[in-house]
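Here's the structure we're looking at; comments come further down.
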Amino acid sequence: MIRNPKDLTRYNAQERANHWLVGICFILLALSGLAFFHPAFFPLTQLFGGGVWARILHPFLGVVMAAAFLVMFFRFKSLNVMTAADKEWLSRAGEMIDGNDHNMPEQGKYNGGQKAMFWAMSLCMLLLFVSGVFLWRAYFNLPVDVVRLGAVVHSAVAAFMIGVTFVHIYAALWVRGTVRAMVYGTVTRAWAKQHHRAWYRQVTGKS
Amino acid sequence: MALQSLDIARRSATTTPAPGVRQTTEVAKLIDVSTCIGCKACQAACMEWNDIRDEVGSCSGVFDNPVDLTAKSWTVMRFAEVEEKGKLEWLIRKDGCMHCADPGCLKACPAPGAIIQYANGIVDFHQENCIGCGYCVTGCPFNIPRISQEDNKAYKCTLCSDRVAIGQAPACAKACPTGAIQFGSKEQMTDYAAKRVGDLKSRGYDKAGLYDPQGVGGTHVMYVLHHADRPELYRGLPGNPSISPLVSLWKGFAKPLASVAMAAVALGSLFHFVMKGPNEVSKELEDEMEKEDAQ
Amino acid sequence: MIKWLGDKWGGNDVPDMRPDAAPDEGVMPFIMTPEGVARLFAPALAEGPFPEHYEPFETPLDKNPFHPNNPKATSNPAARVYKGDMEAFGKAKDFPYVATTYRLVEHFHYWTKHSKINAVLQPEQFVEISEDLAKEKGIAAGDRVKVKSNRGFIKAVAVVTKRIKALDVDGKKVHTVGIPIHFGFKGVTKPGFITNTLTPFVGDANCQTPEFKAFLVNIEKI
């Protein structure tokens, strides 16, 4: 991999570390969570040292993920405010998915799809955290109807978030040159010019 | 024990059926609240048979001791003084697991084999498989299972499954001095209850009846109540208990639906990639950049 | 009641003597008396001849309602009361409530407070009062209260119950405080007081049974 010194910095070291902390926690939470959700996945608890350990660790991992995500939320929320261009992008997202991305409206650092992903994940994280606390019987003893609601919300939102995360991961893999941004922090100028032209102009000062 | 596995009707968090060739009689414990004197001999017997000793609590202004079920108190007497039309009744109910035919705890439990329903109707916790998550507490319509602070496992009345397995009555039934706790086949207990209800009705309790709630498929612990039309008088005995629809949804339809949806997204991504190919940066833009660098 | 059926005695009861003893055989039915027949009154007792109502030595009333004009007949004149005991009795104006002592099903006398199982079933000393008295004194179930007699005091938890009601005695409203006996300062139960600190020193005229079931106390929330 040849690194061109003219490559643009998209994420600094703290942002990358923060993202991967959230990501690793999420994967561990998804694996242990699926084990509690469906008996077919229960053997996944062996990855954590057994059912009891999975049950102990899952909520603590959730707290770590929520705290790390909160930092990301405040760091990136102003960059994810929806604009008219984003709404147009979303209405034509079908073209993008088809592979035909040359007629999309100009994008800033994040396109409409990414912004929608940000808000979806933020809402999911909040719901998961609150419902997770409701379920954490080791430390909290809430009325049973609250716990029942928490169970339904937690599992539904978790399943949804796993699906949404698959999309997030896939999109990063599908658009070549994207994963590099979060692993090394840089992207090529051509990548930026193609996918986020307005951001490219803002960062380089060129048209 | 090898022989025991043949008597299992249902196991928690197991998608395949348990061995089911043997046929056992369904048993039941009948608690006649009208005959109970609240002496707590059943509580003492349960402690002695199961080698469990709870903490010595304190008096909170009522006769209930301990005031609630715990991981070490699997049955408690609940006292209620009910005064109506100048008549005072001291209603004393023995609280504990109802051993439902459709157990909410078993439905909610995520740990395979932690909750077992035997063919005779007894619902037993196998603590060696329990992960201590407390889902059983969430699933139970009667608020019975309790998680131990010491070992983080769930505990409740076992209907003395070990005594019943060798043909003995549960310890509480053996100890009861008034015969308020009877044990036998569910059929025998239903017949006995009918006689008790007839006797109560002849003495003026015209709403006397048997509490065997069908919302959970019937239970293997039943009550003869003086006021079967108002179970709430007996310190919160639910009137028409059933597994909460939230629990049925969470542990029912949601499972296959969510699994299929997640698999669909994963497979969908794979098929999208092989059908559309990767999204590469266009060659023109790459060339443009190279030209810029050369300048 | 039993009667001679021709060949044996029968009816609602069972005879104490030989069931086929014919009436003309002269077999006496009341086998526990030397005369063999029932007694209308007992000849060898300290008081009598007929049963009488006497007020307890600590009475909430100022007279015996059956003998309102005979102060000497207020309490049993043949009861055992020694010098010094009379002075230890309390008066209704200082101790307005009637107390009685009794036993709980979870304990037996004083030794079960050392038994773990019994202690779990009934862990702490309490007194029982009616809802009426509780409201009058501002006591809620679970509150700690002090119960005093002229001889001492105990402290306990208050159980408020519908099972005790204020009595209307000779036109006067009389409250009762129920005091279980089993607790003390040692044992696995919560530390408590000795109930007989409160009780009066007076014995029954014939058998000396102490009058622990009816005496006067006062109660307050602490």
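Going in written order, the chains are labelled A, B and C, and every chain counts its residues from 1.
Keep this in mind: a contact is a pair of C-beta atoms (placed from the backbone, for glycine too) under 8 Å apart; a residue touches a chain by one contact, two chains touch by 3 or more.
No experiment lies behind these values; they were computed from the predicted model shown.
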(request) Considering only which chains touch which, label the overall pattern as line, ring, star, complete or other. (result) line
(request) Have a look and report which chain pair racks up the highest count of C-beta pairs in contact. (result) A-B
(message) Can you tell me which chain lies farthest from chain B, using the average of the Cα atoms as each chain's centre?
(response) C
(request) State which chain is most central when centres are taken as means of Cα atoms. (result) B
(message) From the mean C-alpha coordinate of chain A to that of chain C, what's the distance rounded to whole Å?
(response) 77
(message) Measuring centre to centre with CA averages, how many angstrom lie between chain B and chain C?
(response) 46
(request) Between chain A and chain B, tell me the centre distance in angstrom, where each centre is the average of that chain's C-alpha atoms. (result) 38
(request) State the interface residues of chain C toward chain B in the complex, per the touch definition above. (result) 105-106, 116-126, 140-143, 157-163, 188-190
(request) Would you tell me which residues of chain A are touching chain B in their complex? (result) 6, 35-40, 42, 45, 50-52, 54-55, 97-99, 101-102, 135, 137-138, 144-145, 147-149, 151-152, 155-156, 159, 162-163, 166-167, 170, 173-177, 188-191, 193-195
(message) If we count contacts the way the header does, which residues on chain B are in touch with chain C in the complex?
(response) 37-40, 43-44, 47-48, 53-63, 65-66, 73, 81, 83, 88, 90
(message) Under the definition above, what is the set of chain B residues touching chain A in their complex?
(response) 13-15, 108, 110-112, 129, 131-135, 137-138, 143, 147, 152, 244, 246-247, 249-250, 254-255, 258-259, 261-262, 265-266, 269, 272-273, 276-282, 285-286, 288-289, 293
